[in-house]
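Two complexes follow with chain A in common, the first pairing it with chain B and the second with chain C.
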Partner chain A sequence: MNTRVTRSSRFSNGALAVLALLVVVLLTAPWWAGRAELRLFGEIYLYLSLACLWNLMAGYAGLVSVGQQAYVGFGGYMLFALTIYAGIHPVAAIIAGGLLAAAISIPVATLIFRLNGAYFAIGTWVVAEVFRLSFAQVSALGGGSGSSLPVAIVKSLADSRSARESLSYYLAIGSLILVFAAIYFLLRSNRGIALTAIRDNESAAAELGVNVWRTKLEIYVVTSALTAIIGGLIFLQKLRISPEAAFSVNDWTAFVIFIVVIGGIGTLEGPIIGTIIFFLLRETLADFGTTYLMILGLVAIIVMIKAPKGLWGLISQRYDLEIFPLRYRVQQSATTEQG
Partner chain B sequence: MSQLLAVNHLSKSFGAVVVANDLSFSVTEGEAVGILGPNGAGKTSLFNLLTGALRADNGTIEFCGKDITHTPAALRCKNGIARSFQIPKPFVGMTVFENCLVAATQAAGLRGARARQHAIEVLNDTGLIDKANHHAGKLTLLDRKRLEMARALSTRPSLLLLDEIAGGLTEAECQTLISSIKKIQSAGTTIIWIEHVVHALLAVVERLIVLDFGKKIAEGDPQTTMAQDAVKAVYLGVE
Partner chain C sequence: MKSNLSRRKFLGTGAALLAAPAILTHTRAYAADPVIKIGHVSPRTGPLAGFAEADDFVLKGIQAALSEGIENNGKRYSVEIISKDSQSNPNRAAEVAADLILGDEVDIIVAASTPDTTNPVADQAELNEVPCITTDCPWQPYFFGRNGNPAEGFEYTYHFFWGLEDVIANFIDLWDASGAAKNIGGLFPNDADGNAWGHPELGFPKPLADAGFTLTDPGRYQPLNDDFSNYISAFKEAGCELITGNMIPPDFATFWSQAAQQGFKPKVVTIGKALLFPSVIESLGDRGDGLTSEIWWTPSHPFSSSMTGESAKALADSYTADSGRPWTQPIGFKHALFEVVRDVVSRSADLDDPMATIDAIKSTSLSTIVGDVNWANGPIPNVTKTPLVAGQWQKSGDAFDLVVTNNKQAPQIPLGGELKLLG
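Up next is the complex of A and B:
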C-alpha cells in the first residue's frame, strides 16, 4: 500500500485559477470602471479585509470581539495625526498606525484576555468606547466634532484627482490581497493547524501541545495591526474623521459580523460570500432607509436558523468542496508488484 | 529502570468535593500501571492534574526528574505526557488524519513530510488508516475512542495516560486493544491506564493503584491488591 498526502483538489485548482483571473481583471479596473464603481469596489475590498480579519479572530482563535472598531478608528486617527503633526507621507502614516496599533493591542490583550466568551465580547466593546472617548478629548484632532484631511496632504498622494482615485483603489485591493494571503498561508502552516484545533476544542488543543494563550495573543496583535491599517485606508478614502464615524460599532463591527456569520464563520470562503451578499443587499435596498437594516436583520436570522454554519458551510458540507485548500487528503493506492 | 513520574502529597478539591487527597505514588520508566476506583474516586481528575488541565492545591508532580507542578499543559505534552479523554474530544471540524497531525506538529514537534509520515504510521498501527479522511465529528463512538488513542500516540509520548478506552468494546476488539497496548509498552512507552474493564486491565498492567474519594487505598501487585479487603469493600461492594 502506497500512501500519499495531498492538499489541493481538482475543484480547488480550478476555482483558484478562476479567482486569479478575476483578480487580474479587477486590477485593471481603473481603466474600465467609472469613478463611482471604483469607489464602491474599494469599499468592498476594505470591508472584505475587515471580515477576513474578524473571522480569523472569532472563527479560528475563538476571540469573539465586538470592539474591532477600536482599531479601525485608531488607524484612521493615526493617519490624521501623523500626516498633520508629524508631516509624514499618508501611506507611511497608515503603516505606522498599524505598528502602533500592534503595540497598543498588547496591554489591551493582557487586560481583556482575563475575560471569556460573552464577557470578553463586552470587554472589547468597552475598550473601543474608551478609545472613542479618549480621541474625542484630543482637541488638536478636532475633539468631538472631528477634522478633515488638509488639501496639501491629499495632494501629496498624487496631483490629479483620477490618479489619486487609482492609487486609493490599488491601496485597497493591495491590502486585501496582503491580508488574505497572510491569513491563507498562516492557516496552511503548522500554526494554522494549531489554530484550527483551538477553533474545534480549546481544552483538548492545550493538552495536545498547543500554547493556546500565546497563539491567541499573536492572532489578536496581528489582526489589530492589520485592522488599523485597513482603518487608515478607510479614512484616507473618506478624507474626514470624527469619533462617531471612526469608532462606529455599527459600521465596523456589526456589519462585519453580519458578513462573516451569513457567509460562514471559521472558513476562508465565508467572508467572501458574505461580503458579496452584504453589498448586493445594500446596493439594491439602500433607498429604503431603515427598512434596509430590518431586512438585513431578517436575512441574518433566517441564515442562522437554516444554515448555522453560514452559506458556505451549507455548500461545502453538501458537496465537500474547498476553494482554498487547507485540508489534507490521505490517498492510498495499491501498488502492484509485478516484473 | 529509573523513575519517570513521581507524585508527592498531591491534593485538589472543588469546595467540599475532594478529588485528590494527599496522593503519592511513583511510576518507573517502561512500566504499565493500572488505576481502579469507583465512579467519582478522582481517577480522571488525577489525569487532569498530571496533564496540567487542573492545577493542584498542594503537593508536587515530578516528571523525568523535573518539577512540573506549575508547568502549563501544552508544555507537559511537548515534554512527553499524552492522554486520551474518557469522553472523546476530537477536533470535530477536522479529519481523522488532521487530528493526528495536530499532535504530530504541535506536541512531537515534527514538520512537513515527517509529521505527515508519523501521523500515517500511527493511523496504520491503530487501524484507522481507512478512515483517515473521515470527519472526526461524524465518527462512531468506537472510532472516536480509537482516535483518542491515535492522537495521543501521535504526540510521541514517553508517558501515555489512557482513560477508559476499553468500555463498550466486544471481546474480540478488547483483545486487539490489549495486544496493541502491550506493543506500545514494549516499544518503551510508560503507561498509566484507568479502566473499569478489569480483565483487560489485568492482562496488561504490572501494578495496581486503587483510589477512593481521591485517596489511595491500595497499591501493589494486581492479584494481591484485588484480593485486599479494602479494595473489595469499595470497588466490588463486598463487605
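Up next is the complex of A and C:
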C-alpha cells in the first residue's frame, strides 16, 4: 500500500477553497454593503488581525503579553505625529509607524525577555504603561488631553466620502490578509516548526538545537511592527487619540485575549471563530452597559472550563480537522486519511 | 434605548441599504409619517456615569413633550431618539457615534458630558457631514482639544456651555469676596480639562497673576494619583490659603483626606468638576461642608423650558419626585440640548439637506432652561455661552445644598446665601 506524508487533507482543501471564495466576496463589499456594514467589517478585520498577532506570540512563541496596547497606541500616535508634523501621507505614516515600532521593540525585548511566565506578562504591561505615561507628557500631541486628526489630513486620503470609506475598508482587509499570510507562511516554514516545538516544550526545543531566544525575538519584533500598523489603521478610523484610548488595556488587549482564548489559542482557526463570537456578542449586547461585560466574562469562564483549548480546539479534536494545513499527516493511498 | 439589530445583518441588506438614502431623500417629506432621527451619546456607565444619571428621566420627559412630533414647513415629523452609551470611553464614543451616523442614519447627533464624550462624537460628525450639537464641556477643551482654528471653525459641529474665562472670573470674584490671602495652590491633572485649566496662556496662571494672586503650581499629576504629599507640602510652604484645580472626584477625595492628615487647612477650596454631584459631597462626610465650585445650573436659575414651559425648579423637583434623588446640574443642560434640537428641526428650511439644518443651528436664538443659546453671540465660531456663577456646598440638617454665593458674572441668577470660610 502506498503511503505518503502530506499537510493537506480533503477537508482542508475544500475549506480553503470556500475561504478563498469568501475573501473574494468580501473584497467586493464596497459594491454591495452599506456604509455601516463597511465600517463594521473594517473593525472586525482589524480586531481579527490583532487577535492573530497576539495568538502568534502567546500561542506559538509562548510570549504571553498583556501589553500589546503599547504598540497599538504607538502606531496610532505615530500616525498623528507623522501626518500632523511631518506632513507625510497617512498610509505612508502608518507603514513608517510599523517600522519605528520594530526598531523600538528590540531594546524593549532585551529588557523584558529577562522575565519569565507571569513576570513577563506583568513586564509587558509595565512597558505599555511607560508608553502611555510618556505620550501623556508630549504636549505637541495633546498631552493627557489627546488630539484630533485634522479633517484636511483625512480628506487627503481621497476626495469623496465613498472613496475614503472604500479605501479604509481595503486598508483593513489588506492588512488582515497581510497579517494572516505572514503568519501562515511563517508557521509552514522551518521557523514555524521551531516555533511549534517551542510551543509544545521549550526546553526540549532548545535541546534539539532551536535557538529559542532568537526565535522569540524575531516573533516579538514582527508582531510589534504589525500591531503598530493595525494601531495606525484603528486610529485612522477613530479620528481622535488620547493616551487613555490609545493604550487602553481593555480595548486592545483584554478583548483580544478573550477572542483568542474562546476561539482556541495556538491554532490559526481559533482567532477567526473568537472574533465572530465577540462581534456577535458586542453587536447584540453592548447596549446593556456593564451587563454586557459581565456576560463576556461569563462566556470566557464557561469556555475555559468546558473547552480549555477553545471552541476550535473542541471541534478539531473531535473531528480531527484543520482548515489551514500546518501539521504533517500520513496518508494511505489518495483517499483515506489518518491523523 | 433602541436596539438596531436589523440594520446590522451581516449580509444581504447591501443593495437595499445602498439605495435607501437616495429613496429616503425623495420620499421622506411626502411619507404619511415622516421621521426625524436624533442620535444621542452619553456616558451611562463607567467613571463619568454621574453626568448621565438623569438621562432616562430627561429622555422620558423629552419623548412625552415631542409625542406630537415637530412641525417643519407645515409638515409634522415624528421624532425618534436613539440613545447610546459611551461607557465613559472615548474609543467607544467614536464607535457608537459612527454607528448612529452610518447605521441608524440619524439626521442630527447630540452628545454631552466632558471632552471624552463630546470630542470623539463631534469629530465623527464633522467628517461624516452630519449636524452635531454638544454641551456640558467647557469650550476650550472642546474647540482647541479638537485642533480647532478660530479663524476657520468647524462646519458641522456646534457647542453651547461656558468657558474657562468664566470659571476664572467667577473663582476670582469668589476669592476676592472671601478675604483670604491671595496665595493660591493649583491642582491640575494631566488630562483634557487639567491641561486646559493649567495652560500658562489660556488657563488660570495668567489671569490669576493679573488679578494679584500668587499661584503655586507644582505641575501636572496623573489622574488617579494616590499621593498628594508633595503638593500639600508645597502649598504649606508657600502659605496657600486658597486651593483650586480641576479634579475627578476620587483624586479630590484623596487630596482632601491627606490634607487633613497632614494638617493643611486652607480657607477656601474651589475645585472644578469634582464637586458637581451631591453624592460626592456626601461621601466626604463633614469635610464636604463648605467646599466651593462653579455652578452652571440650579433650580433657582430664573429660566424655563421652551419646550414644556416648566421652570428650572419644576424640572428639578420632578426629577427628585421621580427618582428620589437630589437634583444635579447636568439635568438642565441635557434638557436644553433637546430644546435646541427641537427648535432647529422646526426652523430648518429643508430637513433632507444637512446644510439647511446647519443654517438653522447658526441662526438659533432660543431662551432655554439654562439661558440663551445663540451662536451669533459666541466668543468664536461654533461656540456659544450660557451664564456661570459660583457657590458653596452648605450643610442644612442632614443634606448638603449647593448655594449660589457669588453672581457678579451673571447678576440675573439670584444669590442663595453667604460664603463661609472653612475651619
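What to note about this one:
Everything that follows uses one rule, which is that the second predicted complex is superposed on the first by the 327 of 339 C-alpha atoms of A that agree within 3 Å, B and C clash if a C-alpha of one lies under 4 Å from a C-alpha of the other, contacts with A are read in each partner's own complex, and residues count from 1 in each chain.
Definition applied: a residue touches a chain if its C-beta (ideal position, glycine included) is under 8 Å from a C-beta of that chain, and two chains touch if they have at least 3 such contacts.
Every value quoted in this text rests on a predicted model; they were computed, and no experiment measured them.
Because the two structures share chain A, they can be overlaid on it, and in that overlay chain B and chain C fit beside each other without clashing.
Of the two partners chain B and chain C, it is C that touches the larger number of chain A residues. In the superposition on chain A, A:Thr196 makes contact with chain B only, while chain C stays out of contact range.
Looking at the shared chain after the overlay, A:Val330 reaches chain B, while chain C stays out of its contact range. Taking the C-alpha centre of chain A as the vertex, the lines to the centres of chain B and chain C open to an angle of 140 degrees, rounded to the nearest 10. Contacts of A:Ala33 after superposition on the shared chain: chain C is touched, whereas chain B is not.
By the document's definition of touching, of the two partners only chain B reaches A:Ala204; chain C does not.
When the two structures are aligned on the shared chain, A:Gly146 is found in touch with chain C, with no touch to chain B.
Contact with neither chain B nor chain C is seen for A:His89 once the two complexes are overlaid on the shared chain. Think of it this way: put the two complexes on top of each other by chain A, and the tightest Cα contact between chain B and chain C is 35 Å. The touching residues of chain A, counted against chain C in their complex, run 29, 32-37, 39-40, 43, 133, 136-137, 139, 142-151, 154, 161, 237-240, 242, 244-245, 248, 250-251, 283-284, 286-287, 289-290. Of all residues in chain C, those touching chain A in their complex are 1, 3, 5, 7-8, 10, 13-15, 17-18, 20, 44-45, 84-85, 87, 89-91, 94-95, 98-99, 102-103, 115-116, 119-120, 123-124, 126-129, 141, 145-147, 189-196, 220, 222-223. Interface residues of chain A, counted against chain B in their complex, comprise 3, 5, 190, 193-194, 196-197, 199-201, 203-212, 266, 327-330, 332. Listed in rising order, the residues of chain B touching chain A in the complex are 51-53, 72-75, 77-78, 82-83, 85, 89-95, 97-98, 101-103, 105-108, 111, 115-116, 120, 123, 129-130, 132-133, 151, 155.
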